[in-house]
Structure formats: C-alpha cells, structure tokens
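The structures considered in this document are given below.
Paired with chain B in one complex and with chain C in the other, chain A is shared by the two complexes that follow.
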Partner chain A sequence: MTMQQFIEGPLWTFAATVFLVGVAWRIVAIMMIGKPKDLTVAKSSSMAGAAKSIALHSVPHGGNLSRTIYHVISGYAFHLGLFALLFLAAPHVTFISERIVTVPWPAMPRWAFIIAAEAAFAGLILLYLRRLTDPIMRQLSDWDDHVGTWLTFLAMLTGCLALQESHIGLRLFHMVTVQVWMIYFPFSRLMHAFTFAMARKHTGATYGRRGFTP
Partner chain B sequence: MAENSTTGFSKTLLTGVMVILALLVLFGLQPSALAGELPTRQKVPDITDTSRPYGPGDLSDMWRGIRMGEPSSVTRPGKDGDVLIQSEGGQWQARRGALIIKYGSMVLIAIIAVIALYFMLFGRIRIKGGRSGLVIPRFTLIQRVVHWSVALLIVMLSLSGLILLVGRDSLIPVMGREGFSIVASAAMEGHNLFGPLLIPALIAMFVTFVRGNGYRLIDIKWLFKGGGFLGGHASSYKYNFGEKTWFWWAMVLGLVVCASGVAMLFPEITPGRRFLQFANLAHAAAAIGIIAFAIGHIYLGTIGMEGALEGMTKGTVDKNWAKEHHDLWHDEHVQAATTDTAGAEVAAAAHGDVLPEGAGE
Partner chain C sequence: MTDVPASDAPAIDVQAAVDKFNALTGSHIASYLDACVHCGQCAQVCHFHEVTKDPRRTPAVKLKPITKVYNRHKAPFSGLRKAFGLAPELTADDLREWEELIFDSCTMCGRCTVVCPMAIDIASVVAISRQAFAAAGLGPADLMQAAETSRDKGSPLGVTTDVLEDRIEWLEDEHEVEIALDKPEADILLLVSSIELMKYPDSIVAMAKLLNHAGANWTLSTKGYESTNFGFLSGKGDIAKIMITRITEAAEAVGAKTVVVPECGHAFGVLRWAGANILGRPLPYEVTHITEYLAGLKRAGKLAFKPMADAITYHDPCQISRRGGATEDARYLLDGFATGFTEMTPTGNYNWCCGGGGGVQAIGRAANVRHEVFRIKMKQVEETGAEAMVSACSNCRLTMDESKAALGWDKQLMSLVEILADHLLVAEK
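Coming up: the complex of A and B.
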C-alpha cells in the first residue's frame, strides 16, 4: 500500500469514523446529563428566553459594543469564511460529492474563494493574536485552545497551499492535517461548532424562566 | 578683439557641449530607455514584394519586425496579444537576475553576517541597571495585535517570496527539481493568498503607530551618537530615530510592495506586460528592502536586547529599560511605574502609555 492509498483509504476512514462517532457521543452525553426539575413558578417563557439568548449572543448587545466589536467581526469573518471554504470550495465540492454524498452542489467561483480564504485567515489570526496578547484572554486560555487553533490554521493553510492542484503531495499533506483535525475535534473545544447553540439555549431557558435575558 | 572672439567661440563650444550632454542625459533617463525599450520598431514587410533584397519570400525583415515587438494581425486582439515576441522580457529577466537576485542576496547575507558577528563579539545588550521590578505600560492591545499581524504576514510573505525569487538557484541543488516544484507551487499560492492581507494590516499599522513617529530635533542627536553605539547616551522619546525610520521605511516600501503586488495579482487592470515587468522588479526590490530592515528589527526585538520583546508581548516594559533606551519617554511616564505587573498589563491593554487623569499631580 502506497502512502497515497493509506491516506486516502484507511486513514481517511478512521478519521471520519472518530469524528462522527465522537461528535455523536459528545452530543448524546450532554443531552443525557439532563437537569433537575425547576419547582419555582415561571415568571416568563423558558423557550422565549432560549430563543432570545441564541439570537442576542449572535450580535453585539448590552451596550458594550466597543468591547465586543473586535471579536464579533473577526469571529464572523473566520467562521463564515471557513464555512464557505469547507462546503463551497470547488475541490471540496468535488471531494464530498464523490466520496460522501452523491448529490453535487454548485461551487463558488475563484474570486469568492479568495475572499472567503482572506476573511477566514484574517479572522483566525486576529482572534488568536487577541488570545495571546490580551492579559485576561491569556489567563483564560489553556493548551486545548492553542492546539485547536493551530490544527485549524494548518488545515486551512495546507489547503490553500495545495490550491494549484498540481502536486499530489500537497493534496495529501492537506488531507493528513485535516484528518488530524478531525480526530482531535470531538475531544476538544472545537466541539463548540455543534454545542454553542445547546449552551446558549440552556442558559437562555434557565434565566428566561426567571424573567432575565442573559 | 581676437581674444573676445576666442572667448565667444569657447562659450559657444561649451554651450553646445552642455546642450549635447543635457540631451544625452535626458535621452538616457527617458523611462523607455530605463525600461529597456528597443530603439526602433519596423513595419512588418510585405514578403511578396519582388524588389526585396533576396527576392519574394525573404523573411528576415519580418522576423526583425517581430523581434522588435511590431504588432501583428491576430484573431483575438487584446493587451499585448498581437506581439509575438516581447524582447523587453529578456531584459527584464536579465535585470531580475543580475540586479535584484544578485545584489539583493548579497545585501541580506551581509546584514545577517554583520548581526551574527556583532552578537558573537558583544552578545546581548543587557539592561545596565538590571531589572527594577517596576513596569510601565507602553502599548495598547490593538497596537500589539496590529504589530503581530504585520509581523506574521511579513515573515510568511518573506519566506514564500524568497523561495520564489531565489529558490531556483538555491533550493534546486538541495531538493531537486521535483521537490522545488512542489515547494514553489505552495509558496506561490501562499504568497498570493496572504499578500492582500498586508494592505489592511499596513493601513492599521499606520493608523495605530503614526502618533509619536514624526521626526524631531532630538532624533538628529540620536543619529549623530549612533543610537549610543558611538559613545554617550542617546536620548529619545517613545520611538528613537531607528524605530521611526523603520516605521516610515515599512510604510513607503510597503506601499510599493502592495501596489505592485495588486498589479501582478490583477494583470487585467494594468497597461500591459512591460508595466508588469516593472512592477515585478519594484516588488522584489522593495520587499528586499523591507526584509533587510526587518532582520535587524527582529534581532533587536528578540535576542539582541534584553527587555525589548515584552513591550510587544505584555504591553509593558521594565522601568530601567525605559530609562536606558527611551529616557525622555520614561521621564514623562515614570509616575505610571508600578510593581503590579498584572494590573499594568491590563492598563496597557486598554490605554497604552496614556496616563490616567490626575496622574503625576
């Protein structure tokens, strides 16, 4: 078995399995934790509180725009850019439609790819520099934050370096970094991609029932 | 009378020589001459002409016209699309190799050698009075984020750019043609991808750092004292002459790098191939200028000088470091010196070196 066959075959299968099973296991585990029955009289709707929380925490609110505008803009730039790269970049569309689902969807044009990539890289770099230089953020960060950021950066970087699609080696290098990222994903804070809505819903419902909007 | 005549003749001769020299200089400095345009262009001849020197079918004039860049009739006319051979391309290639690569490499190697020699002879520049245990807030969080953004981009673009510029000569012997092909392909994609990010990053750097980087009289004194290397203490405010020069050097050459980079990324907006060749040379020359200065800056900011790096990592500097290297700024901000390093970091992140109201009263 050649290195190419190994990376595209068993390693890809293993990484995808760990990713899917790990993510499912984490989500089910969180949902099974449950919460004790709240015996207090509800002052307001918990569902409305959950909806408000999810919506409000997606935009600057509470009068602290100057403190949040930096990570709101860089956060949206990174996440939207990464989403576009992941699901709309032409090589990814081809790969997913050939290997995962058979229904193809239109890929974005090259100019859109460039914009998405610039936004994603700029956002990630700005977010990480804030984590490194802000004295509070530095105290709040641990090794998981750094490893998760670097793996994401490397996966994005190797993908863009292979953009010319002229060398198999560059594509395999990208695949390996993505596979490492996928294996690490379920066991790290990268899981926030799936759990952020659950966390906001939980907080919003809890406080909404008590008449607060967090 | 004869003497007057001789003098008049001499004056006329001198004037004539001066005019000829001026014309020669003017002619020599014409952009076309600088860019290496060939002196004349000839019409593509009619090869069916029976009066041609070697009879009908003589193609020498036709090839000469093509070699001179004479436009031809093509089915898809466009920018430079009707020029079969662009002879200036050979001159661009020669200049890139003989000037940019040769002298650029020499400059970079010389700078690294001088710095390495200095470090081996004198070692790290220590804080003479040792660390005081007091820190002074210096840079805001935004300034540090902008600084590291530009630093990160310059490092990545420099590495990828140097691979593209000198890799053919220096890397092929090491990794072979196939290996270099892979590295060069990755470097080009990375360079083109990260390059545009340098534009907003440099704009942000200008906005956040321009205050305090204007030259003042004290900078001339600093210069004459060689920043303290030539003896005596060289006073400075927040930024010394070297730091100010680095700032403006990066801004001006950064502008050249960005403008020429945009031209090469979007060739359809440029006048044509000759402009792109000029842009390529300007891009490489300006980039080497930035890299050369950056090497010195990185050295002094890291291993070269004790106490310098933390200004950009924590936002604060040791009081003794400030007194030694930026004494006038130190005197203005000494009342902010504190042993509460964590508090000073938070204060620096929010306000930089701006003193709180009532400080020093």
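Coming up: the complex of A and C.
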C-alpha cells in the first residue's frame, strides 16, 4: 500500500469514523446526563424560547454591538469563510459528492474562493491575536484553545496550498492535517460547532417559559 | 478529602463540593460547560468587570471550578482525560481562590447571557456553584449569617413574628391604614421583605393602600411573611426550602390562591421561577410580583392615578425584568401617569444591574466595588435628565441608597408602589 492509498483509504476511514462516532457519543452523553423536570408554571412557550434563542444568539442583540464589535466581525468573517470553503470549494464538492453524498452541488468560482479564504484567515488570525494579547482571553484560555486554533489554521493553510492540485503531495498533506483535525474534534472545544445549539436551546427554553429570551 | 489550614480558618470539605457539583450538573449545565469557547465577550457587559477592568472578574472565569469537576467526573470522555492526566481534581486552593468571584463578584443579573454567542446562563451556574462552595464550608460570613438568621428567626434581619406584629401595628396607627395580618381566610397572601419592614416601611403602607383601594381580599401571615430567600442566595438549599415551605404553609392556611411578592427582585425570582423546584412539588398558588398584580388591577379598572409630572426614570431590577419576565408591567403602571418619565439607556431587559443583587448587598467586603458599580447607574440616570430614579426592588433601592450616600449623589431614589399610592385617584374608584 502506498502512502497515498493509506491516507485516502484506511486513515480517512479511521478519521471519519472517530469524528462521527465521537461527535455522536459526546452529544448523546451530554443528553443522557438528564435534567430535573421544571415544576414551575410557565408563562410562555419553552419551545418557542428555545427556537428564538438558537436564532437570536447568531446575531448581536441587546444594544451591546459596540462592546463586542471585534469578536462579531472577526467571528463572522472566520465562520462564514470557513463554511464557504468547507462546502463550496470545488475540490471539496468533488470529494464529498464522490465519497459521501452522490448528488453534486455547484461549487463557488475561484474569485469567491479567494474572498472566502481571505475572510476565514483574517477572522481566525484576528481572533487568535486577541486570544494571545487580550488579558480577558488570556485569563480564560487553555491549551485546548491553542491546539484547536492551530489545527484549524493548518488545515486551512494546507488546503490553500493544495488548491492548484499541482502536486499530489500537497493534497495528501492537506488530507492528513484535516484528518488530524477530525480526530481531535470530538474531544475538544471544537465541539462547540454542535454544542452551541444545545446551550442556546437550554437557555432559550428556560427563559422562554418566563416570557423573555435573553 | 478535607483540607485543614494551619490558621483559624475553617476546614474546607473539598469532597462535599465535588459531590454537590456532580449532583447539580444536569445536561443543561453540561451543554454550557462544553460550549464555552473562552471568547470573553461576557466581560464586556458585566458591571463588575466594567468598573474594575480585572480580567478575573470575567463571568466565564466563574465557570472554572465546576468545569474542573465536570471534566474529571461527568464529561463525556472524562476517563480518557484522566488517563492522560488532563483532568486534575478540584482542590481546596481552587475553592479558596474562587470564593470571592462566586459570591462577591456576581449578582446573577444575567447580562452576560445576552451577549454570549452560546447563550450560556452563567448566573444559574453561579447559583449551583454557591451550593457547592457552601457545602465545602465556604462563603462570606455575613451572607451565611443572613441565611441562618432567616432560618432561626424568620427573616435575615431578625424580624421575628413579634417584631412583625409590632411594626404592622405601628404602621397602621402612624398611617391610618388597615394592614391585614393573619386574617383566617384570604384570596391573596402578601409577603414583605425585612428590608422594607426595617428600612422602607412606607412601601408596605403603599401596598396596603393600593390593595385596599382595589377591594382585594388579602392578608399578611405570621406563619410565612418573609419574601427574601437568603438560603438560595447563600447556596444553603435546606434553608431555601424552609423559607418556601413557610410561605406555602401560610398560603395553604388562609386558602390563598395567589401569593404577591413585594418590591424585591430576588424574592420574586426565587419563588416564581425556582420555588416549586426547590420544594419538590408544584406550588399550590400563583406567584406574582406586586408590579404584575397592580398592573392587572389597573387593566381591570380598579386602580387609577393622578398625573405625576416629576422628571423620573426607571431602574429595572434584573430578576423582575430580564430574568423575571415582568418588564412591561412597570411600564404599564407608569404609562399615562408619570408624565415626566424617561427611559434610561440601556433599559428594560438590557438594563445594568444595581450591583447588589444575588446577596451581594449583604456582603460587607463587597461594599466598595458596589459603590463603583453605582457610578454606571448614576451616569445612566444623569443622561436622562431625570431628578429621581424609581425602582420596584427594595434590595436595589438599599444598594443604591448606600452607594448614593457613599458617593454624595444628589438625585432621589423612589419606590414604584410608593409613588403609585401617593397618586392614587380615589374619586374615580
């Protein structure tokens, strides 16, 4: 078995399995912890509150935008850029439609890729600079924050290097960094990509019953 | 696992804290702890961070003790984390280090939740953490004493039933108002806070005047009169339950279908939104804050008010507005009556806290930082041009009165029920 066959075969299968099983395991394990039934009398709908909270916390609200503008702009830039790269970059569309789902969808043009990549890199770098320099984020940060950021950065960087598909080695390097990222994902704070909805849902349901979703 | 320090300080029962953290970590708390990305945006809207700029006063920092226990004992893959030495156990030093943050530096106002991209309800995690710290034998002595005095004497300020009876009799004579006490049957059980009884008795007179005028069948009860719940605020769950049990037994004794909580934010928040859970069964009565109840009477045409032209603004008690769901009732009461009313910025559900909620008012060592927090409120009020700030929480009022005196501020603080009673339109009844 060549290195290419190993990376595209067993290693990919292993990384994808760890990712899927790990993510599912963590979500189910959190849900299995359970929560005592709320015996108070609701004033309003908890389900509506949960739905509202999930949507509302995706956008700045409450008149605090000027206080959080740095995170809002860099956060949006990074996440929107990353999602565009992940699901709309031409090589990813080809890879996913060949290996995971059989129905292809349109890829974004090259100019859009460049914009998405620039936004994602700028956002990630700005967020990380803040983590390194802001006393508040330094107080909060631990090794997991740094490892998660660097793995994401490397996956993005190698992806850009592999974009031209000029050298098979660059593509394989990208695949390996992504596979390491996928294996690390379920055990790390990168899981916020899924747990954000759970946290928002709980707060929304709790306060939705009271008539106001914070 | 008990840490006994060499000094006179009490021993810290770390295992009791760990057990309490584990027992109280439900899936909602687990979701919060797993979702926090350490972005620190919560600091930007926390009044304690705003006035100190101390990074340790970042709300998310208060999640660390429970996160440590969660990662070691309850989190998915905690076994894996332990095997790699990545999940150290909570220590007595951790608890000592975080005590001030958990008790003195959080009023459980919930502003941080608004700005959190994950919507993490840090206030509820702090409430749980206080229970763990109290189980370990930690917590500010004055806050703990207030809880124990509530249990032993009926109220945190030592207002026994004898004192209550004396104060009510005096208020009836002084103000020529009927204040029902221990009526055998009543539709409504009215509670009082000992802050009102001892510091702001006019507030009780005002509630009596308004309820009497509306023809409500109400009473106070010596069986259960204290609305504040320092058991909850101090993390002493057993005392929290005792306080709610007293109110419930009093309501059942008079057959009350409604319990009206007076001008006290946390009293309302605890009884309305945690009471049944603390008691372990649904409450056999409806819980309503006095502003909600009076708004209902006004809607029903049972209360009307003479116009008041004073330049006023309104301070939202966090547990009544943002966390209580009764933001609009105070506005409805002021609407059409307070012609000189101006909203402050931010207001309503996004208003700044007074700095003394969550029991912080009772913590003597937190006085200086409370006064600094009050500067935020001073600025908010001054920007409106108002000469007086009205509120519907005697704890907020006491906190701000003390800070007003400490800082020499010249504006007035008022109670909503008092200005309503003073402007009651008797002729239109």
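Simple rule for what comes next: the second predicted complex is superposed on the first by the 212 of 214 C-alpha atoms of A that agree within 3 Å, B and C clash if a C-alpha of one lies under 4 Å from a C-alpha of the other, contacts with A are read in each partner's own complex, and residues count from 1 in each chain.
We adopt the following convention: a contact is a pair of C-beta atoms (placed from the backbone, for glycine too) under 8 Å apart; a residue touches a chain by one contact, two chains touch by 3 or more.
Nothing here was measured: the structure is a model prediction, and the numbers come from that model.
Novice: Report clash or fit for the pair chain B and chain C bound to chain A in the combined superposed model.
Specialist: By the criteria stated at the top, chain C and chain B fit after superposition, with no clash.
Novice: Identify the partner contact of A:136: answer first if only chain B is touched, second if only chain C is, both if each is, neither if none is.
Specialist: After superposing on A, A:136 lies in contact with both chain B and chain C.
Novice: Among the partners chain B and chain C, which is in contact with a greater number of residues of chain A?
Specialist: The partner with more contacted residues on chain A is C.
Novice: I want to verify one number. Taking the Cα centroids, what angle sits at chain A between chain B and chain C, in steps of 10 degrees?
Specialist: Result: 110 degrees, to the nearest ten.
Novice: Just checking: does A:211 make contact with chain B only, chain C only, both, or neither of them? Give me first, second, both or neither.
Specialist: A:211: touches chain C, not chain B.
Novice: Applying the document's definition of touch, where does A:46 land relative to chain B and chain C: first, second, both, or neither?
Specialist: Touch status of A:46: no partner.
Novice: After superposition on the shared chain, which partner residues are touched by A:203: those of chain B (first), chain C (second), both, or neither?
Specialist: second
Novice: Just chain B (first), just chain C (second), both, or neither: which does A:152 touch?
Specialist: neither
Novice: Tell me the contact category for A:179 with respect to chain B and chain C: first, second, both or neither.
Specialist: neither
Novice: After superposition on the shared chain, which partner residues are touched by A:163: those of chain B (first), chain C (second), both, or neither?
Specialist: After superposing on A, A:163 lies in contact with chain B but is clear of chain C.
Novice: Kindly classify A:189 by the partners it touches after superposition: chain B alone (first), chain C alone (second), both, or neither?
Specialist: Second partner only, chain C.
Novice: Rounded to whole Å, what minimum CA distance do you find between chain B and chain C in the overlaid structures?
Specialist: The answer for the closest chain B-chain C C-alpha pair is 5 Å.
Novice: In the superposed arrangement, what residues of chain A touch both chain B and chain C?
Specialist: 134-136
Novice: Please name which positions on chain A make contact with chain B in the complex.
Specialist: So the residues of chain A in touch with chain B come to 114, 117-118, 121-122, 125-126, 129-130, 132-136, 157, 160-164, 166-167, 169-170.
Novice: Show which residues of chain A lie in contact with chain C when the two form their complex.
Specialist: For this pair, the touching residues of chain A are 25-26, 29-36, 38-41, 43-44, 53, 56-58, 61-64, 67-68, 71, 75, 131, 134-142, 145, 186-187, 189, 191-192, 195-196, 198-204, 206-207, 210-212, 214.
Novice: Going by the contact rule set out above, which residues of chain C touch chain A in the complex?
Specialist: My answer: residues 25-28, 30-32, 34-41, 43-45, 49, 55-56, 58, 60-61, 74-77, 80, 110, 113-121, 124, 272-277, 279-283, 286, 321-327, 345-346, 349-350.
Novice: Taking the touch rule as given, give the residues of chain B at its contact with chain A in the complex, in rising order.
Specialist: 141, 144-145, 148-149, 152, 181-182, 185-186, 188-190, 193-194, 196-197, 200, 313-315, 342, 345-346, 349
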